[in-house]
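Think of it as A, B, C and D in the order they're written, each chain with its own count starting at 1.
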Amino acid sequence: MSSLEQMYQQVIMDHARARHGAGLVDLDLAAVGESHQVNTTCGDEVTLRVGLEGDTVASVHWEGQGCSISQASVSALTELVEGHSIRESDELYEAFRALMGNRGEDLGDDRDDMLGDAGAFVGVGKYPARIKCALIGWMALRDAIAQAQASGAEGEQHD
Amino acid sequence: MLPDLRGDFPLLARTVRNGKPLTYLDSGATSQRPYAVLDAMESFEREHFGAVARGAHLLAEEATEAFEAARASVARLVNAASPDEVVWTENATAAINLVANGIGNASAGQGGSESARFRLGEGDSIVVTQAEHHANLIPWQQLAARTGATLRWIELDDDGRLRLDQLATVIDGTTKVVAFTHASNVTGVVTDVSAFVARAREVGALTVLDACQSVPHLPVDVQTLGVDFAAFSGHKMLGPTGVGALWGRKELLDVLPPSVFGGGAIQIVTLEKTTWHPAPTRFEAGTQPVTQAVGMGAAAEYLLGLGMADVAAHERRLAQILREGVSGVPGVRLIGPVGDPGADDVLGLASVVVDGVHPHDVGQVLDDQGIEVRVGHHCAQPLHQRFSVAGSTRASAHVYTTEDDAARFVEALASVREFFGVPA
Amino acid sequence: MLPDLRGDFPLLARTVRNGKPLTYLDSGATSQRPYAVLDAMESFEREHFGAVARGAHLLAEEATEAFEAARASVARLVNAASPDEVVWTENATAAINLVANGIGNASAGQGGSESARFRLGEGDSIVVTQAEHHANLIPWQQLAARTGATLRWIELDDDGRLRLDQLATVIDGTTKVVAFTHASNVTGVVTDVSAFVARAREVGALTVLDACQSVPHLPVDVQTLGVDFAAFSGHKMLGPTGVGALWGRKELLDVLPPSVFGGGAIQIVTLEKTTWHPAPTRFEAGTQPVTQAVGMGAAAEYLLGLGMADVAAHERRLAQILREGVSGVPGVRLIGPVGDPGADDVLGLASVVVDGVHPHDVGQVLDDQGIEVRVGHHCAQPLHQRFSVAGSTRASAHVYTTEDDAARFVEALASVREFFGVPA
Amino acid sequence: MSSLEQMYQQVIMDHARARHGAGLVDLDLAAVGESHQVNTTCGDEVTLRVGLEGDTVASVHWEGQGCSISQASVSALTELVEGHSIRESDELYEAFRALMGNRGEDLGDDRDDMLGDAGAFVGVGKYPARIKCALIGWMALRDAIAQAQASGAEGEQHD
């Protein structure tokens, strides 16, 4: 498998087309947060909305345009984090960042399994200019969670 | 026609991505440099380097001579009336900002009555075009915001040509500055400068030409063009990064207020007050990019040696191959004039949209074959918005680009949609 | 102590004025470059050059990596909290202007409430010193003129030391910016930065350090110094011309409005409006001095390799030889502290006035013996006015300067008055 | 004779000390012009006053500070042009400029004689950074003559 094929694995091509969680919907939850991220090098854009139930990332929806890596990555992370706790989603993010920094090699520990489909992005690590593409969705996720936590906290104060 | 010049450019001999030969088609972003330029800089650094225009010692003398000779070479390349009309800057962006910020400072009263010619305010307008690179757009947006003037623009037609029919209405008695590109870095279309200049003169507006893409590729004669200022960069014309040039009419440069202040640019300094030198010195505060100027001068000499008419003919030939080639690839759209691939007025470049594949992904597949192109909006977002796309994939040539390079690009482009499984 | 490093610097091997060995003592103006720096730039240009932070192709990747690694090296040299606190500029002059013009733009309302921290107006004051190089004086004069703020200064005592006793009165509640040099390029005196920072903090003023003469010669730790911004140039620290750096606290850089506009620095551009990136990108409009940044990074690594403590010790040793030496020459006056040639707080330089001989004539006689020094006001006219002289003759050292070089200068100086027939 | 000695010839050293015409005096002439010139590289300054009688440069006086080359050059030109016509002073200026541009060689024609003591500046041509020093006085002279002509013309109109 060439480096190019390793980057554009079938799993990634499928996510780029299937786009799990694509389409923003109104969420009837106390803690909702949204984030808009732009990658100016390639013009990628993602708007991602998160709804929390307690400490759980209950729902993730997004809208975006951009290269296949960026779109597939948001799709994969949506599938991955929904239903997990905020702490787990932080761990997943850290694992994914570590993978991106690993120059095309698997991490070689249980984080590879933990990442599920997102582990297929391993090949992106060989192309420094594309790492930002794979990360844009994760940036939006973390920012949206932070917004949701803030909005939830406010909600509580006002109750 | 030009001979095959690849041997003059050391970098082109390298291989990429596991031993593939390099097909460098990103010259619109930045060009490679010939031995003539690299050697000029290296021997300057190793043998003749010293402070310029400041010392009385031998190295200072030698460095000053080389530095001023380089200015004369660049002046000759664009046929400036005198080397004093050439100001060294960091790059073309800095050159355009020098004019815009100078006008801003004049509008705030700096330079006194001598600089009144540059004053802008509410009720005045600045005209740009929809084809501009951000470097020749944002400084004018900001100047408009700072002075209260209005920003207007000339639009593009579907072929990527500027709508000359709008000149008469968009440029009017309120217009004080007309800033426009000599050639688009996305469509490759060369502007009819004379039409802009004629209209600007009718209303008494200053003209600022973005000559970034023209000076490296076409014969440029600033006196014949009749503009007031022109900006270009070293690194796009086979010279080094870190240097660019502003050409301007001497009588205008001498009264444009500076906007970067420091040593060398001034005549007398007390703690209270400072008086400026005439141009170009007034704009060259601080230690200039000396070695880089020497390199840009050597690049100008190299281009003059090739002959700009031959350089332009080479560009036209490559434009034809690139544009005819991509027109034949299914699912690929050219941005810019599509009907006349052999037309005289386009640069040797082609920006394309591949239906169903994002430019970044297109570029990656080409890169895997050793073909280096630029993807994205090429710092021309308004132009891309005009064609309702976020970005494009651009192949751009220079004197060292061969017909084979162009053919390889076209061939590789034809494989992209299949790689991503886009239905035909 | 440093070993003899002359062999690292190719230019120092050349001869001048009919075969005389070169005694280069003009490093305060601009330094020579070691092979490590020249080679880094040359191999970058010949093998890895491409557009930075813009392309998806291999050359672009390699160039971007080298460029950002260089930023990290410079960050390490001055102990910045992160490489993102280092902005590439054309030179130190441009770096200081970036801050002053940014404050000017904030004062005109740009950057909105985020940038309110930088606003200046009537009733406010900016404080500089009488020791400043024009690069750290004129931008502040101009900012004062633009905003209506008042410019004040800390004076020098007869030994060329800044009068710290004036800090408490000159810097007061109206003071918004304190801009001062870390080391004078004329007297060589190193400023007590902590005294300035302490007073500036008391009144809530920003501090801008001109670190042009300190970063190349002394250990500089911006976090320990506690200033807000610091500016320095590549060409004085064994790096190339055409590049400098602004260091700033990230939280300040992120909200300082830019003053040079163009591609790369922006997030989204329509014809009407533009939004900026965070630092450092927001300040790096246009194609950066890429090769030059790589060179400056290599220079930082070279200095770190020598160890800045050893570099400083070498400077002190040379300061002692130079200053003791010239004190012994009849009819020669040292500008700066005269009583303590072995003091810790001076750079390795000596600026002198030769009674009865104009500096330009002094320089010429030295040059004839292969000794290259700087003559004139060294872009510090107010300092020379303070000592009632129009100019001086300066010998300034760097890591490659030997004790012999210093001795040759002193000896030659002793012959000058006789050459011009000045009665003893 | 070394290049240095060729530049600092005894004639020049003498002029630097004797300074012909030094000291500004009030001139009781219809056409008087004054010019102030600064060379910022080395801080040289010259203020030069010219009085015309018809087409003749009747009197030249000056004040200045600077390097020996600059001061000696003003002294030599004062001696040289006083009593000559404006046209002759223009020719002398052209000859002096040609000498400066001759890289340390005599001009090799009758201009060498014409220049008198000013011909001794021949050695300056080998030092490009010093040419400005030798020329500053001449710049002041030409400017002052132009001023004087303008003032004279005005004077006539008002008579």
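Methods note: a residue touches a chain if its C-beta (ideal position, glycine included) is under 8 Å from a C-beta of that chain, and two chains touch if they have at least 3 such contacts.
For clarity, every value in this text was computed on a predicted model and none was experimentally measured.
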Weigh C-D against A-C on C-beta contact pairs and write down the one with more. C-D
Reference chain A; chain at largest CA-centroid distance: D
If you average the CA atoms of chain A and of chain D, how far apart do the two points sit, in angstrom? 78
Expressed in whole Å, how far the mean CA point of chain C lies from that of chain D is 39
Length of the line joining the C-alpha centres of chain B and chain C, rounded to whole Å: 31
Computed distance of Cα centres, chain C from chain A, in Å: 45
The positions of chain A in contact with two or more other chains are 41-42, 127, 130
Multi-chain contact sites of chain B, meaning residues that touch two or more partners: 17, 54-56, 60, 266, 268, 360, 364, 375-376
Would you tell me which residues of chain B are touching chain D in their complex? 53-56, 60-61, 64-65, 266-268, 277
Which of the residues in chain D come into contact with chain C in the complex? 2-4, 7-8, 13, 41-44, 65-69, 127, 130, 133
Using the touch definition up top, name the residues of chain B that touch chain C in the complex. 10-11, 14, 16-17, 22, 24, 26, 29-30, 32-33, 38, 42, 45-47, 49-51, 54-60, 89-94, 96-97, 100-101, 108, 110, 128, 130, 133-135, 137-139, 141-142, 145-146, 151, 153, 233, 235, 240-243, 259-264, 266, 268-274, 285-292, 360, 363-364, 366-367, 371-376, 379, 381-382, 385
For chain A, which residues count as touching chain C in their complex? 38, 40-42, 127-130
Which residues of chain C touch chain D in their complex? 17, 357-361, 364-365, 368, 375-377, 390-391, 419-421
